[in-house]
């Protein structure tokens, strides 16, 4: 199957400007999104997932953040776009659903107005026509009584319902890329799976490619075609979903897998310690302190990605493995 | 909604009772005899005999409770007694000057909205710009300047140097400009500051991030989302401030010789015109309860969380 | 420990240039008021009609008013009435308010309820109305104005102190102290008051500014201090009659009041930031 490359991100670096120095949050991140495919981005909180999403959307305030690297959408570099062009992309070709549906809607404005104002910022249509589009979208995602929902205020709906409205708003322009930042974290489990089911159905219908951010391996396993594991601002391992689960390479990914509860295990292996604070910058692998495979060189060298064909991994353990495979792909 | 308003108006009754009783006690507790005050105000020479007859005339010889009940009985019929000084009924004096004070306060209130809303909003949008710094200076100086002094400065600038507005008194609409501006400026400074902080706080809310992620135009994000939400707490405070401005007009009325309630009450204070003071307090209590009520109603109309929540309870 | 903390706070305060300037200015004004008898070139109430409405210079640094009194001396002495009275009002109201507020919050019950109702009624009125009524009954005069200002102000402090104390007593270390058998008095003095104090200092600094504004307003209306005692608000009232010929008479006290109030606000803001910094 030929995969159509929709979005290509190369060497994305994001740093927070502080008084003394710039604090890097996202380091040298590269990945591709393919048409109709889901890339799962996984990692503990504070490892740079949200910053990655927001920098792609161009939502990081320019006077507080440095963003470098190249972001191409449908073959066009978008990082140099001016404000107005980026605004037209957002909510249009490039959509996002937020992690906190309840806080993301303005409490004083009806959901219908949220929807209509979004439509009218992207299409030149009358209020009536916008209303029609909104109603159509709402009924497509199986929301009961769309007429009523349009007139309701955010506080009258549950988190799950709001998340569905958010999905409807995100998809009305048939975006090429949908970024979902922990879309179900704040919902309870049954609602979570309904929403995920709807998301994957919509992805199939619209051929949207999706960047799904989560810290939950289960969700990633259910939804993703490819997985990128993030730690300390780096993508430490990147492969297809099958590769990741059956041929786990990076020690951090292994630790993540082991700390996932399951019925067959008696005791849960706990990954000791915490991810490094973004304020502390050290040479070498950010995971070295917690790694059970740590070698003496781990904290000395700046790591690089080792390409093992179907797998990319950022760990010294595989330094020799790459040399062994004479450039199979790339 | 209607039930709520009626309920609030009923709470007015104990407040009015409390206020009138407190004033009544206060007047009769102090060492100065009301009869004596009356005679001083009317410029009647004080003799023992005259004092006794005035006491009977004013009903001061009866027990305190009886006096209060009889005052209350008349007050219900809008008879608050006669002013010691002018001998005119208090009700007539107050209704004569109250509209002027109301006019002044309403004009000042318009200034307040006209100045603080745009200034607070724009200084938040253009944070740290020269405009923001200027407006910051305005909020600092405006909140620290004595109102009456500001009034004289304005008179000097606009009425004397530039000669474009009348100095004082009441007449055309031009007479209203300076006093109302003076009355408003202190509050305008405070509200500019509150509003700026409110808009900035709202800009950090997740719904603003989501609004940006949906690709909304900046104009809509600021105007509709940040501003409307910042306005909500301010509207309620406006109601309270309206009452404060109405009372605060006393000083401004003296500065600009504005024939309102403030001037009436200051002269009553100096003459110990007790019936006038009683009437004034009662009026103020009513004004305060009603302006607070209006503010609550308006913020209920803006905030769907209260509006719809109420309906649910009623239904 | 405490000395170190104070030193840190002082260092942080010194970093704020505007607040430091304001503090120096305030110190100057206060010292000027205290040492007025030594600093003032003239008796502030000495009438000399032959010197009336003189321009600044020579014998009179800021000129003279309509009765030939030295404006500079009157401003210096005026500090005592304008600043001093507001300060006394604040201190007394603060002491009463803190005592009753702490007690009310700590004990709760009926007294607490009654006090809160009283606050609701009194605080829904602007202080000006209450002061007008009380002065109207007691008669104009410095002491009467101060009494009525205290009557209004103490309830504010009751309410604020009460809510501050309540927020502290709900924390676990107070429970721990109670379980350990510490007496109420010790808990109040060693745990509650030290935690309330920083916020009260900030609050009272800013309140002092608004009290000064109010006080000058009452003097302007003629409710407070009676002539010939010098006071800034009254000096403005006096100077306004010469608004065409010698507006300076009106400028000096007005500028002084404004600067003092701005200074107190800026100092209060700086203190708030410093104390907030300590909590973080």
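Letters A, B and C mark the chains as written, and numbering starts fresh at 1 in each.
Criterion: contacts are C-beta pairs under 8 Å (C-beta built on N, C-alpha and C of every residue); 3 or more make two chains touch, one makes a residue touch a chain.
From a predicted model like this one, the values you see are computed outputs, not experimental measurements.
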{"item": "Most distant chain from subunit C by Cα centroid", "value": "A"}
{"item": "Interface with more contacting C-beta pairs, comparing A-B to B-C", "value": "B-C"}
{"item": "Distance from subunit B to subunit A - Cα centre to Cα centre, in angstrom", "value": "54"}
{"item": "CA centroid of subunit B to CA centroid of subunit C, Å", "value": "23"}
{"item": "Where subunit A touches two or more other chains, by residue", "value": "none"}
{"item": "Of all residues in subunit A, those that touch subunit B in their complex", "value": "57, 59, 83, 87-92, 95-96, 98, 100, 103-110, 114, 117-118, 121-122, 153, 155-156, 166, 169"}
{"item": "Subunit C - residues contacting subunit B, complex", "value": "121, 124-126, 128-129, 132-140, 209, 213, 216-217, 220-223, 233, 236-237, 240, 243-244, 247, 250, 253-254, 257-258, 261-262, 265-266"}
{"item": "Complex interface listing, subunit B residues touching subunit C", "value": "15, 18-19, 23, 26-27, 30, 32, 140-141, 143-149, 152-153, 155-156, 160, 243-244, 247-248, 250-251, 254, 265-266, 268-270, 272-274, 277, 280-281, 284-285, 288-289, 292"}
{"item": "Footprint of subunit A on subunit B - complex, ascending", "value": "205-207, 209-218, 220, 224-225, 228-229, 232, 302-305, 308"}
